[in-house]
Amino acid sequence: MFENFINAFLTAEGFAFYLFSALTTGLFLITVLSKNILYAMTSLAAGMVLISGFFFLLGADFLGVVQLVVYVGAIMALYAFAMMFFDATRDIKEKNTNAMLVFALGGLSALVLVLMFAAPVFSENVVALYPMTEGVGNAQDVGIVLFTKYLVPFEVAALMLLVAMIAGIILAGKKMDQSLTEDMSADDEIMIIKDEK
Amino acid sequence: MLEPIKVGLESLNLITLAPMLITIVGGLIIMIIDLLNNKIHKSLYVMLTILVLFIDFGAVLGLNVNERGFFDVMLIDGISIISQLLIIGGSMIFTPLALTSKRFHEYSYPEFFALFLFMIAGFQFMVASDNLILIFVGLETASLSLYTLIALHNRSNSYEAAVKYFTMGALAAGFFAMGSAVVYALTGSVELYKVAEVLAGRMNETGLMITIFGSSVLLMVAFAFKLSLFPFHTWVPDVYEGASSPLAGYMSVVPKVAAFVVSIRIFGMYIDLGVEWVRWMILGIAVITMTLSNIMALVQNDVKRMLAYSSISHAGFIMAAMALDTSEGNTSIFLYYALFMFTNLGAFAMLWISRHKTRRFDIDYDHPYEKFAGFIKIMPMGAVVMALFMLSLAGVPPFSVFWGKIYVMQAAVNAGYVWLAVVMGLNSAIAAYYYLKLIVFMFLKDPIKDVDTIYYNLSKPLMVIIGFATFATIGAIFYVQPLLSYLYYMISASGY
Amino acid sequence: MIGLTHYLIIAAILFSIGLAGVLRRRNLLMLFFATEVMLNAVNIAFAAISHYYNDLTGQMFAFFIIAIAASEVAVGLGILIVLYKKHGSLDLDDLASMRG
Amino acid sequence: MEKFVYIALFAPLAGSLFAALFGMTPRKIFVGIVGSLFIGLAFVASAVLAYTLYTTGTVVHVRMMDWIQAGDFNVSFGFVVDQISVTMMTVVSLVSTIVHVYAIGYMDHDKSFNRFFSYLSAFVFSMMILVMSDNFLGLFIGWEGVGVCSWLLVGFWYHKADKTREENPSISPSWAANEAFIMNRIADLGMLIGIFLLYWNTGSLQYDEVFAQLPYLSETVLVGAAIALFIGAMGKSAQFPLHTWLTDAMEGPTPVSALIHAATMVTAGVFLVIRSNPLYSMPEVSDVSFFIASLGTFVAFYAASMALVERDLKRIIAYSTLSQLGYMFAAAGLGAYWIALFHLGAHAFFKALLFLGGGNVMHAMHDELDLFKMGDLRKKMRGTWIYMTIASVALAGLPPLAGFWSKDAIIETAFNEHTYVLWGMLVLTAGMTAFYSFRQVFLSFHGEDRHTPLGFHPHEMYRFVLIAMSPLAVLAIITGWFMNSYKAFIYQIGDGVQYEMSEHTHHLATYLGLIVIFFAVSGIVIAYLKYARTGEHAFRRNEEKENGFFYKLLKNQYYVPKFYEEFITKPYMMISEKFWTEVDLKIVDATVDGIAKFLYSAGDKTRSMQTGNLSNYLNWMAVGAVLLLVIAAISAMIG
Amino acid sequence: MENILSVLVFFPAVAGLLGFVVDKNSIRTYGITVVAIEFLLSLWLWLGFDMANPGMQFVEMIPLIPDMGISYYLGADGISLFIIVMTTLMTLIGMASMGETKNIKNMILSLLFLEMTMVGVFVALDAILFYLFWELSLVPMLYIVGAWGGPLRVYAAIKFFLYTFTGSLIMLVGMLFVAYIYHSLTGVWSFAITDWYALVLPVNYQLWLFVAFFIGFAIKVPMFPFHTWIPYAHGQAPTIGSVILAAVLLKMGTYGFVRFSLPMFPDASVLSITPIAVLSLIMIIYTAMIAYAQKDIKQVIAYSSVSHMGIIMLGLFAMNAEGLSGSVFQMLSHGIVSGALFMLVGMIYERRHTKLMSEFGGIAAVMPKFALIFGIMLMASVGLPLTIGFVGEFLVLLGFYQVSPVMTILAGTSIILGAVYMLRVMKRTFFGPLDNEENKKLSDLNTRETWSLIPLVAIVIWLGVYPKPVLAPIDNSVKALLSFMDEKAITQEAKDLIRLSNTTKGGN
């Protein structure tokens, strides 16, 4: 067991895997445990970067790049702006937290998920539907599948982003600051509907 | 090097995409109109939306059963057609509720209607595919729109509702993603027909059961959230309360239909594969859901919250039917929602027209029971109609929900689950109490105050809508047969 | 040799960390961070499975998850902004006007 | 002859309905007259029928219309006029006619005069149905009908308030009416059971069909039916232990007591036994018959003993009725049905006379009935005195009056059947009968004038009333002389009712008669010595004796009413209350409400999971998810 | 008029709808006219009824939801015919004598809808249709009790509704199960009762289904221990509500037993004779005792209803024509008599605004007509021969005697106990001195009240003296039912019992 671990550790991939694993775990732990939102966010961003490391490690280069661009570039930037908008840099007090429950649930879910994944999920019999082509770059491969098979989801994702955009704009817009609902306290305008008495 | 891929347009079967495209284009048109002229009255958007949906409805009706399109991503089978019809139909009848005599905040946004249409497109994508990716994307498109629509009501409560819904939705999305990952790990595919094939071959492998069960649980969590099953239902009452009545009524029907379709696809697959455990899990959740939400509805002080709990209970009811995994069981889901839709439309419309900007009867609630005290004296027709909806919800024949209920129970009996039918029966009896409570307030108590201002929001179009809902509720007996045979035909045609 | 299991287990652990974060956080913004963690964990799983099956679907899924995460952030932050304008706070515990 | 049957039957109904038309109007004398005429008509019809039957011997059997038909069950309104029923019809209609006429005078001042006649005629109608019916169910109609009329008439003065048992042993007319009705109902249940038993075993309720089947029935069925029917008879004829109602029924107007509670209704039980003589003659039921005889004897003695100390005029007569009913049952039980029937008729005449005389006294004394407040009334009420004396002599059983012949025959029967104990008791009772009858006569009409000091100014009844009573007096005297011709008449029916004394008894008949006469005379003499004299031998109340054990025991009717009250009425009330407040409200209903309350409080409890706090919601979600995962893992591992 | 049953069902409903436009001041006349026409229609039905035919007549069948086997299927036989007539009659008389003035329009309209549902229940031959009317009947009744009742009216109304609703849902599951079996045996969906009759079910199925139907019907009857809603419902309901409730609604339960339980589950019915008889006996004796303990006149009559329903239940399970016919007849008799009694109590309540016996006493002197009619109804209630009450009660006891003499004796105590509580009411209310000042100026029945009661008195006596016109058709249908049960029973014990209980020894 331990020997296996050493052997694995000594390969390049193994070394990287364990390094990334340790770091992401640590960083994400900071993200969820830190009282300082700045630390949390920074560690989240760092963790994202490391996750793209996993992707590169797994040969999903395109995904790795997207991860860097979208997550680290866009999402984290959004969060950063939001953080500033909300003036949330001060320490956050976590009241009413039932730590026991949280860790028990977290631990239990980790345990069960690990148990699940420890099962022999991988099967040699499964034939890849969209195999990666030998000698072709990942980005190209992805591109082909994305624009054929997954063109519809891709377009829907575009729609989703449009929705998100519209939503962001109108929600953050000025019109939300006051209620446009008509004032109904003007009772003299009330349409009176009643039974003839 | 890669060969260039040649795809014939024929083989794409683009027609399968037409309905969604119509809604998307419709949404865009509304946005464009707004760009050109931003002084337009909401009624234009309402009517445009209905028209777009009308075309959409026609497009869906014209689809052939059991077609796939776009590299098999799109799946137009029976349930996809009928669920799209339900979604579009439901949307069509809930839209005109915007036409109140008083203006509400959200309806001053053309974006509201655009988002509404996009949401429908999202639902349509969700039901018209068996690819988990498209399902996920469609689901999120719809959900994100819905969150926004709720928040657009622009009251403190609506934000709270939107935040709650959103946060829990994000968590559910995480579970969905994880569940898909496990399925993918098991089968190397995220397309359900393929998944079923591979899983069928792997059912006998030792040590795999835990993962199969686990995958079902993870997906279950995501859909139980959408379907508001215990213990993932906690958002429902708050969100219904925070959202405007039309939206609340809408939420109790349309998103659930979409979620049910996906559930049928996913969990039906598990049950078909012989994973009895999934059936029992669903049955257990369903029974707990209907019972618990029923007894919680008993103690509500607000009609809208009561209706929220009642919709949870109805969902549990239907979920139990789904677990049967028979054609009848699946048919009953759609039949139930088709019938439930009209009654719910009426009930929420009645709440909607009695809505004030400020809370006049209770500091915490918009629609406390006291508001409806002595309704029969203030407006007899209104009270009678509202009572009809309540009776229908309670399952009193011959009103619409009864036919759904009886069909569900018959399906349970046919599948050999007599105990389930009994549980359903007893639950209906408990439920009768809280529906009755409103009737009691309306008919048997004396008015409290502000008697003349209850129907504040009433307008002609809303009267038409309520009239329509009333007729649909009362006359259900006459259209159940065609509806049922159509639904049953569609469902058995798609092999569920 | 690093097997699929290794990746899946790290994904499982990260997912659980995210879950714990969701449960623990009282600040809505930080709660959103935790949901990102969960989605990222799933992405690792997808990428790994994809790699081991030599199949692109997983990467596709991960790709769409990233898109979804981005959209969610946009909408989520939009809602947070209106909420913040009204309440002046992002604390979950302040959000309990509807109950029962 | 059919039309006479219908006239006899429906003339009283017509009278009743006619009176009912004026039921809510003030007194109209013609209502009474018309009512009496209708009843008279019925009597004429009955008499014609009786005469025809006597001369031709043809039994008239009519079937008016269907009544109840269900399944195989088929009962019609059918009427039979044979020797037994015609006897009853004649007696009933005759006494009724006289009582009607009497009531015109007696009820003179009552504002509900018309109503009274309506009830009274309705009673006669019911009684006619009872005696004429050709099946058990028809009999039951009459049976219940007379019960209702009795209820109405006993409670006729319903406005009187309840008193304590010490003040008035019958509490109030309405109480007494209810008691009578309910006690009769208890017996009626027995009778119904008998009817069921006969129906299911013979397939019919027609007398002739049922009796034809009797030989084929098992002993159990026969005994059961005999007992059940007799229970019915016990109620109506007020046999122990269902006897208390009869004395209480004296709360009703006196004509009612005379007609219903002396002459007719109370004899219905005897009539039933006589009617069912084929059943009671079956050898299998001989034990039951003997029981009937024994009970009758016992009641004869028992009732007579209570009459010894009673001070209430009407109650004494009621006890004597009870006692005489005992005689009739003794005869019927011993198989001498025709003798019982004969005594029934004779008794009807002299007892009605006695009651009506009592009514005169009561009328004169302004409803005062305490004998100790009377005395020496014969000077003011000569006619009444004569009537009362005749009736009392008849009752006491002195020859040649009616009572002697019939009663002596019964006592003789007891001797003939070798039931010497019964014989002895009956003889003793005869003496007691004579004593209390004459005690009553002497206390009221003889001795010292005790009423004038109390402010009573008695006066004689209307003349027409006295004239109306005369037929009864005549009959009370002469009936017995026709005993043999009656015997011939009734023997036409057949074997069932025939009863002859054995040679041995016949031989001793004279001596037996003398013994009875001796006892009777002794009774009269003792009564005379004690109560009739004036001056220093005049009757004085003896406090010490009245507080004695036996005196009090008899005075309180052996504490039977008290026993009923303490052990039946009160517990019943108590249990009913408990059932209502403790069982129905606190257990049955509380369970139902408990379920509802449980659900509601469960709702209140579970409601708290809905804290409104998003964090909690997320926790719920996570708990649900993790729990499901754990369950999934565990169930997968288990298998 | 072949479709007279449809007309009978929907005429009041249509009239009710049109009634919304009728002016408030004329609505009483409108309502009475409508129910009078309805009554005439039901008489017409009787007229056109072929007395010799024991089967279903005036059958109408239109498939409604063929995929579920639900159709619009109506028919009447001798058993339902008279219940229908009684229903229309009691509605007519109840409405004619109604003293309510508050919200009269709503009341009349509710009554019209109620009448539709009541008639519907008795003519429906499709189980779902039956269930439909059955459930719908709760709604107007809920309103009538809840809106015009006494202080606890809301509680009473809800209790009434929920109790019945719960029971009937269990029954619904039973119906669905029967339909399922029918489908699995024949391949056709059908809820038609006549189709179901053809089903021969194994005994254990029969038992379970019997229980399911029993719960639905027993609550409605109401059988012990499900009876506690009725004192509240009666106690709180306005007069008209009590009249309809006692006269018609309770009969739905017993009618259900005749229509469903007996012919469909003959073996289970035979097996459950003893338990049902025991419950009926408890109803008869226990509730009679409770009635005796009541202080409120109306409650006495309410509990007496339960007691009488016990007799009806007993007769249904006598398994012979005598008992069954008697039972059906007793339904009519109880409907008329208890309806009349409730009307009478209502009339005195209108005058004095109290129903407590202690408030009265001696009022026979000031209200002789009232006392007379009350007395007649009381006597009918305690089963006096030559009144309508006797025929049914006698036949039931007669019939059940063949099943169990001991139980019959116990049940027979009803004639005693009934007299006990009823006479107590009579004594405490009408007899005794008139010492309450307020009672001295009570007015006797007015013309309207008198004339609404006189028909009932007439019927009480007519059917007591000559029940044949009604009893014969009932008997015909009942005999057909019994021979059908005999044919269908699968266990020999059941066959034996049905035969045995229908034969008399010797004779004939």
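Lettered A, B, C, D and E in written order, each chain numbered from 1.
Operating definition for what follows: contacts are C-beta pairs under 8 Å (C-beta built on N, C-alpha and C of every residue); 3 or more make two chains touch, one makes a residue touch a chain.
Remember, predicted model here, so these are calculated numbers, not experimental data.
Considering every other chain in turn, the ones in contact with both chain A and chain C prove to be B, D.
Using the mean of the Cα atoms as each chain's centre, the chain most removed from chain B is D.
Among the remaining chains, the Cα-based centre furthest from that of chain C is the centre of D.
Highest inter-chain contact count (C-beta pairs) belongs to A-C. Measuring from the averaged C-alpha position of chain A to that of chain E gives a distance of 68 Å. Averaging C-alpha coordinates per chain places the centre of chain B 25 Å away from that of chain C. Averaged C-alpha coordinates give centres for chain C and chain D that are 96 Å from one another. Inter-chain centre distance (chain D to chain E, centres taken as mean C-alpha positions): 36 Å. Residue positions of chain D touching 2 or more other chains, listed in rising order: 596, 607, 610, 612, 614-615, 618-619, 622-623, 625, 629, 632-633. The set of chain B residues touching two or more other chains comprises 133, 137, 140, 144, 147-148, 151, 154, 163-164, 167, 171, 178, 185, 188-189, 210, 214, 237-238, 299, 380, 433. Counting partner chains per residue, chain C has residues 4, 8, 11, 15, 18-19, 22-23, 26, 32, 53, 55, 57, 60, 64, 67-68, 71-72, 75, 78-80, 82, 93, 95, 97-100 touching two or more of them. Inter-chain contacts occur between A-B, A-C, A-D, B-C, B-D, B-E, C-D, D-E. Remark: chain B residues 163-164, 167-168, 171-172, 175, 209-210, 212-214, 216-218, 220-221, 224-225, 230-232, 234-235, 237-238, 277, 281, 292, 295-299, 430, 433 touch chain D in the complex. Considering their complex, residues 376, 380, 387, 391, 394-398, 402-403, 406-407, 409-410, 413-414, 418, 421-422, 424-426, 428-429, 432-433, 436, 439-440, 443-445, 477-478, 480-481, 484-485, 488 of chain B touch chain E. Contact residues on chain A toward chain D in their complex (touch as defined above): 96, 98, 101, 105, 108-109, 112-113, 115-116.
Contacts from chain B toward chain A in the complex involve residues 1-2, 5, 7, 17, 24, 31, 70-71, 73-74, 101-105, 108-109, 111, 114-115, 118-119, 121-122, 125, 129, 131, 133-134, 137-138, 140-141, 144-145, 147-148, 151-152, 154-155, 178, 182, 185-189, 191, 194, 198, 201-202, 205, 207-208, 210-211, 214, 356-358, 377-380, 451-453, 455-456, 458.
Taken in their complex, chain D has these residues touching chain E: 23-24, 65-73, 137, 140-141, 144-145, 148, 151, 155, 158-162, 172, 174-175, 178, 181-182, 185-186, 188-189, 192-193, 195-197, 199-204, 209, 213, 216-217, 572-573, 575-577, 579-581, 583-584, 588-589, 591-592, 596.
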